[in-house]
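Below you'll find the structure I mean.
Per-chain residue numbering starts at 1, and chain names A, B, C and D are given in the order in which the chains are listed.
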């Protein structure tokens, strides 16, 4: 079998605070092949954000290993080298634009940090701006443009250094319904064109079904894997699919998985 | 609509200042208050112009001390705050002392500093620096400590080195807090400078205020006070200008 | 049960980090011992800096002389500060009632904050005589504007939505002010109070320097005249203690009242 | 259909004036009759003026034209203060006062409306119980999760026993799972309390689950483009509604309308 692009091998994470230790993720394993689009679905507090933060070297693992391209990447305490970090782009829940840079400067920030110089990179920034229709807002400050546009900027910032993997942490959770639908379609379009590996974190069932090839359902207390659901829906996916019986069936199934978790404990 | 609002915001304070000064003027005239007790605003303004040559050297001295002290205090305060907040242990160890420095009226050191350094500019600037850097330091620490986690994570996700993180993210994040500190520091700087001049020698506007009030030349005293205000306003204006130029973004 | 959990969680948060207590004490010890050794080793003259032990000894020895001045300064600062707080808040409350007054008075308040009120000390003697107790006035006028400025800031920056809530339930102007505007501004009020406390001590010491005769500021100069360096350092430390105590009290009260701050 | 409790007739709202060239009409000629115990849902894109419409209904802003009739009495363009007690308003961003505990937030309503007595204090507990937060009575808002805060917000709007509950996108700021849970909770509250409810949302599923009638608003200026009666019996509205054929039919139909309006 082909080497998985990303592999979580029995990963456990315990957060140690002054008064207590919290088991955030317990014994989590998953394998993702190159070019796959997978979702991690779960209620708030189930540790799904912790997972991709461990993958991206923002926090370390307590137990277990994480591999990218067969290379072990859980760097306890030590900083993850830039060669590995460059393979990944992180998209946050909020747009997380730095308000003192213009939209273009924000998008080019990874280039400055990774020391990627040269006209080909600058051209790439402009191409990406073009791709999501932000060219005319390149010189605007983040405070001057709408939430949807900011989140688009967030997406292309994570792509500007040409990573192989995109980590998306509930990227469209803060947007209103209609903008979110639009962004979902744009994301699918980007994915089809670039064939990145995408890990998409969400608590929206419909979004998970619409976008991904596989859904990992997580439960809380402690954060753990509950179920893996493979989605056998044709691509390209369209918005009109959400009323098709098969789609509804998957939605119901996932709703059932979530329901089996501990709805009573969700606050 | 907008234009009208702007006009009102401009006119309202002008009117209130005019009102204050004319009430003062009228009260003095009607009650025939002697000039040595409380001069009329018009007399004060006249003195500000007429006696200007006499005041000028002192204005220069005071302004120089305030500005120099202030300009040294900013980097000192910022640097210390950056160092302190970079290491959690140092932060924990020093933070009570930073509050201590801010709350201590360091002007109480003036007599001792005079003994050590004489009456000259060095001593005055030193006093201004130690009184005003602390408040910049305290506010900058607050700013550095309150950088949103999500922004830290962004820099971490790119593996940015400490210097890049500091320049591109931490410093601008704290900018508005730093400016709060700088603004307060300007007020501390003028206050301290006057306090020093009360004690040290016979140059500077503070010393002149005392001198004139001893000779019952209250008008000139007030003229000096107004010049102190003007220095304060210039400082305040400069800071506001710098803030607008530097913080061109909205959070 | 869940309620209790939440409340104990709150109490736990209040418990201080031991690092936050031990580390500063270690620093204090290092400073003390370092100064003690350093000053002796390099034979630093007493007028530059006496050793900490000498300062403490000297201060205790002359404590009978210092005490009246200490009490006097403490009284001036406390009374002045206690008058300045309600004065500043009341003024801000008055100004904030009408938009136009806010626009008219805000620059005036800033102007008063920028002008060091200690410039009026020499004239105070002229107007009010030489009674040392009148130094209270200096403290009041030095501290009131900054309290007023911060409070006013808090009063005029209320989220629109909170005012809409008041409107939707038909609250009167007074009710809206008491329950919404004032409570919303409390954190800023405390910022003002804490700054006011610093301004108060500066005002009091400056007044002592200029008007002389009484107070810790005056005592520092007197001790220096007779080369009693240890004692004058002792006085400075006492002033510092007044300042930090007031500040700490204000901060403690803030923590008690402003429970909702994260 | 039951009695008409509340009708709005040709309500319009505009800002600015034509003279200055910044005239903007936000609501244009909206009329609706609301019967007792009805659940009205207003569906529309963000920024289409539906929040402004609710603010008029909640007595926060007056309309510029049209009139409202409350229990047969013509009250003109604005809800008079004495009638505000008949309304309870739930804000989009919970809008709890951070300086008051959950209980304190409910109490504020009673204080301002001068509702005293044991029965009202008991009602605070009852309402907190209805939203399942009795255990969190003395907890400050910042210690509650987003969903819990919004539940307190709903309890607050109910505590003074209003006839009409107005909800301005009450679930808009919540995550999808909490949102679903809370929409069922609103359904239960409606069943339990038998209030008349007017709610704004941009989520079609939510609208069908809850509404007796749905009004679709168009973009600026807001006008009613569609009125849809949701003929799913109350008994069939539960967690299994996803399998209801009528539900899915309506869902498709309304999704179509909403997308076309974009």
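Note that a contact is a pair of C-beta atoms (placed from the backbone, for glycine too) under 8 Å apart; a residue touches a chain by one contact, two chains touch by 3 or more.
Every value quoted in this text rests on a predicted model; they were computed, and no experiment measured them.
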Farthest-lying chain, centroid of Cα atoms versus that of chain D: B
A-B or B-C, whichever has more C-beta pairs in contact: B-C
Centroid distance [mean C-alpha coordinates] between chain C and chain A, Å: 49
Computed distance of Cα centres, chain D from chain B, in Å: 51
Length of the line joining the C-alpha centres of chain B and chain C, rounded to whole Å: 17
Residue list for chain C, restricted to those that touch at least two other chains: 17
Chain A: positions in contact with at least two other chains: none
Residues on chain C engaged by chain D in the complex (per definition of touch): 1-3, 6-7, 9-10, 161-162, 164-171, 175, 179-180, 183-184, 186, 258-260, 262
Residues of chain B touching chain A in the complex: 150-151, 153-160, 164, 168-169, 172, 175, 247-251
Touch list for chain D against partner chain A, complex: 45-46, 144-145, 147-148, 172, 175-178, 181, 202-204, 239, 242-243, 248, 251-252, 255, 258, 262
Residue numbers on chain D that touch chain C, as the complex places them: 55, 58-60, 81-82, 84-85, 87, 89, 91, 93, 95, 97-100, 108-109, 111-113, 135-143, 160
Contact footprint of chain D on chain A as seen in their complex: 43-44, 170, 173, 176-178, 202-205, 207, 243, 248, 251-252, 255, 258-259, 263, 266-267
